[in-house]
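Heads up, the next two complexes both have subunit A, just with different partners, subunit B and then subunit C.
Right after this comes the complex of A and B.
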């Protein structure tokens, strides 16, 4: 296991080096001068330019420039945003929690609704209930997320007027940025209107979470169902039945434990799709997260922001991937052999 | 005593393709999906021939005509016209070319590239294949939309540029899948037997590996196709993919969004078409998967 972890860590380091090389080369690939893309300054006086050249080692070879870039990344100097002229790292650190909050709730729903429904669908694979669940699942992962979001907004916000269409919380409430997670921040604040603020934030949260959760939940239903059906045909299930265990015991002790192993892995594989969907959802619901910020950056030709966004989002996805893989190996001794 | 039979069972005597079709055609949902899929496919091929009006012709006498089922609509314009007087029905028909047709081309391109790279990775061993795998691991983790944003930032927006992005985003899963499928095949006894007969790498690949993995290839392609359709439509909707006059379904939704109160048809029907296109692909894919599983069990 330790050897396995070490190998994973080496791989992780390798992947991060490749990622940083990609992000560095974007400075050259994007339109505009490399010093503009690295610093985020639109124009510079001649002495500023000379200063940047020495700082970024632009007069030296690519390897020296790359090393200078790495030092800057690690020291937290990520350059400025073209649009706001604010430091990028700080800007992203305020935006990232909003995206994480949305993605985390969607993942949570997919876990706690998708898996049980998938198991129910696997109990009688040819029954009416199972067919119905499968039909709903295939509808759920076929629906384009932006259209689904528009339909729900039309129905619940514009038609019925139950839920707000955009933002994280009403403009009347002021919540201090502590953790960046809205619900936590509200609970941490000691205002008189905590209760109202919480309800308001939840109302804002409901539609985006529902939209974002649709795809992972339905994929999870199908995956759990298939995985369950696969495991149910294994010979150790027959053995367990032959031993005289009843259906529930077999399901819990032998079926679930084996069927849910690939599900852990699936979370890691689905995470990158989830982030793509979160970006689209954020645009539609004007959710102040990193996805909307990135898509705005492309409209504004804000190249330093795209470069930084690539680093942050990919690091996030890679870490989640690696974590689920390690968890999978931890729970599944068979996977350690490789 | 084992019974000697000159001919195997009637069922086993059929070719694998026939067996697969038998299992496939038993599922109603899969057949419905296949019909829908063929409809979209034909539409993508033939749509310029069957559009009643020019989809790009702006007719300022007929701006924002309601659909023909409303009292103010005209029967010549089944879904009405948009804010520039272009016939919605023709635009939607031509849209099948962009959203569905280009998605198919993208998948085909990714499949061919994936087959090349996956074969190289699957047939080679040692350091080369391990380095290759690590690069793939990186590529797998970059979300497709982020990849598209980066490519659009370098090359500028447009349908063709996002096609490259989607192709690149689909490629790693193909290479991974094909590599694993080939590695699995090469471990089989019949490969060793064929090698002992003196077959070289190319013969092993073309006579044994390829016929045995095409089923998985088709499955991978259907899964990738639904992703590709959704991605093309999403990028069109965000304004990064197909640009303004192009009648791509996602771009039509983005165009009609400002007029959602006046003409909800412009948002509802393109969305429904995207949904049906993806649904048909998913139904066919699920049906194929179930049929392939049943065929192998028999």
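Right after this comes the complex of A and C.
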């Protein structure tokens, strides 16, 4: 098992190196001078320029420059954003929790709604309920997320006036940034409007989460259903029943555990799709997360931000992928042997 | 394949559980109005401010967001009559030769207490001297901050006009001018002439954080600064020691929503209490809703088409007149302003006291236009660019559409026009460098003085600072407006301005198109917001009428 973990970590390191090389080379591939793209300064005095040249080792070869770049990345000096002239790392650290919060709730929903519904759909695969669930799942799977989001806004915000259209919380609520996770921050704040703020934040959360959860939930439903049906054909289920275990025991010990194994793996694979969808959701709901920030940066030709955002998001996706892979292996002795 | 041990009863139970949990979340969505929402006001604005110091900017977006909320001026303008009222100055005297203005300051005016500054004394003459010296003295520690650019003050030639600003006593300020200028008091009442704190300046100097003067503002206005997140929001709280009646809202938030449709959506969902610049095309739709009111007021502004008079063929007055004759303004008023504007005959709106009522209305006459072009030697027409500004402004809600209409009109007289547009900041930079042939743009007044329409727009000094979009420098015209400033007698000033307007309509450096009304959509529970015809919006008296 340790060997397996080591192998994974080495792989992760290589992937990160490849990513950082890509991000580094973007500094050259983007328009403008490399020192601009690395530092985020638009203009510099001759002294500043000399300083930057030494710092970035621009007078040396590409490998030395790349190593200097890596050192800066690890020491937290990511340069400034063209748009705001604020340190990029700090800016991203304040934005990332908003995206993670949204993605986490969406994943949570997809888990706790998708899996039970998937199981229900597997109960009578030819029944009306199962057909209905499959139909809804296919619709949810194929509906474009931006259109779905606009439909929900039209209905719940503009039509019924129940839910707000944008943001994480009503602008009149001032919540101090502690962890960056809105609900947690509200609970940590000592304002006497805490409960109001919490309700307000939940109302803001509802539509984006619903929109973002749609795709992974339908994937979960389909996957759980198929996997459940698949496991049910296995001979060990019949053996378990023949041994005299009752229905619940077989379902829990033999059925679910085996059926859900591939589902865990699915989370990792869905995560990159989830982040992509989160970007679109963030743009539509003006959610101040890293996805919207990255898209804005692309519009504004904010090269240092694009570079840094790319590195952070891809590292995140790959780490989550790796983590679920490891979890999958942990639960599945068969995979470890391979 | 069946899973027989999950019974239908179980399924039903599960379904009920989900429905319950869904219902409990939705129950939180019933409209209710918590304390925070009742005591705060949300203004949805169309863009981020460039700075928090009005001295440094001219953009309406920035002025709306900062000027009236954070600062006070020595004088105020009465919104109805345009009369000057005492502000931070209780009274003022003008010397007989019109060169010395002495102001007596209001006592016990407090600056904002914030996390980053605690004032130790009330407003004094030092603050006023500090504020205005920043603009004119190059040795002032803050002068070079932000590039030493004071666009409004440069356009009225402040540094050339004001010789010195001194403080004879703690409550007295004396301005000494180098020549009489009858628009001087009006300029002091504009949103740009906000009074800053000298004590705060000293504190920043001591800590070496000079740039914070313009990013973390301290003023005497009805609200104090709390936070600003670029492209997201600006948060203000009530200034508890305000010298006038305290602001009604406890909290004021500017929610920055550049997208028009999204701003309207937020109004309909009551996320915004006030929405800046609703689209004119949507006004009839908005006014049908019972929960939204549309406010309208005549505003001192003009939308125009300026020719780059330094470039051929626009340096030929006949060509300019021909182009002006070729434009069907009636169609533009309908299609671009949707009838919510009056056709302009002069740059000055008819509500101004100096307006010249004898000007003949601009005609639409393509045949005469063709003749003029032939006389000017362009019988076959020519090619030109029309620059259309990329943003929506009060004086021109849709410059691109206007340019398209004009393109068709110009084709009638053989002029081939192409439409050019850039992103707003580059657009203004390129305009400042006079790279354009002609441009569709406009002007909103900062004060009631007619000079505000002439000098910043068409004078030679404006041509030098790059705000004269016609790039027009004409001695005769400059003489008219300079003479008007030298006299304080309104009748005499008026005659000079009448002559200046007559001269403009003959020379046609720009074609005035329309004076438009200013609109604002507000939630119908909000009362007490007045649209100020001379600049920024004031929100201190807004109340929510909610039980």
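Note that in this section the second predicted complex is superposed on the first by the 337 of 338 C-alpha atoms of A that agree within 3 Å, B and C clash if a C-alpha of one lies under 4 Å from a C-alpha of the other, contacts with A are read in each partner's own complex, and residues count from 1 in each chain.
Convention: a residue touches a chain if its C-beta (ideal position, glycine included) is under 8 Å from a C-beta of that chain, and two chains touch if they have at least 3 such contacts.
These numbers come from a predicted model, not from an experiment.
Asker: For the three-chain model obtained by superposing on subunit A, do subunit B and subunit C clash or fit?
Answerer: Because the two structures are overlaid on the shared chain, the partners are seen to fit without clashing.
Asker: Could you tell me if A:279 is touching subunit B, subunit C, both of them or neither one (first, second, both, neither)?
Answerer: A:279: touches subunit B, not subunit C.
Asker: Just to be sure I read the superposition right, which of the two partners does A:261 touch: subunit B = first, subunit C = second, or both, or neither?
Answerer: After superposition on chain A, A:261 lies in contact with neither partner.
Asker: In the overlaid three-chain picture, which partner chain does A:321 touch, first (subunit B) or second (subunit C), both, or neither?
Answerer: first
Asker: Can you work out, in whole Å, how close the C-alpha atoms of subunit B and subunit C get once everything is superposed?
Answerer: It comes out at 5 Å between the closest C-alpha atoms.
Asker: Starting from the residues of subunit A touching subunit B, keep only those that also touch subunit C in the other complex, and list them.
Answerer: Common interface on subunit A, subunit B vs subunit C: nothing in common.
Asker: Which of the residues in subunit C come into contact with subunit A in the complex?
Answerer: Subunit C reaches subunit A through residues 1-6, 11, 14, 18, 25-26, 28-31, 34-37, 40, 42, 226-227, 230-233, 235, 251, 253, 255, 257, 262, 265-266, 268-271.
Asker: In the complex formed with subunit B, which residues of subunit A make contact?
Answerer: Listed in rising order, the residues are 11, 14-15, 18-19, 26, 29-31, 135, 138-139, 141-147, 150-151, 154, 272-273, 275-276, 279-280, 283, 291, 294-295, 297-299, 301, 303, 306, 309-310, 313-314, 317-318, 321.
Asker: Which positions of subunit B touch subunit A when the two form their complex?
Answerer: 29, 134-135, 137-138, 140-146, 149-150, 152-154, 226, 230-231, 233-234, 237-240, 250, 253, 257, 260, 264, 267, 271, 274-275, 278-279, 282-283, 286
Asker: In the complex formed with subunit C, which residues of subunit A make contact?
Answerer: On the subunit A side, the touching residues are 83-84, 113, 116, 119-120, 122-125, 129, 153, 157-158, 161-167, 170-174, 193, 196-197, 199-200, 202-203, 206, 228-229, 232-233, 247-248, 250-251, 286, 288, 296.
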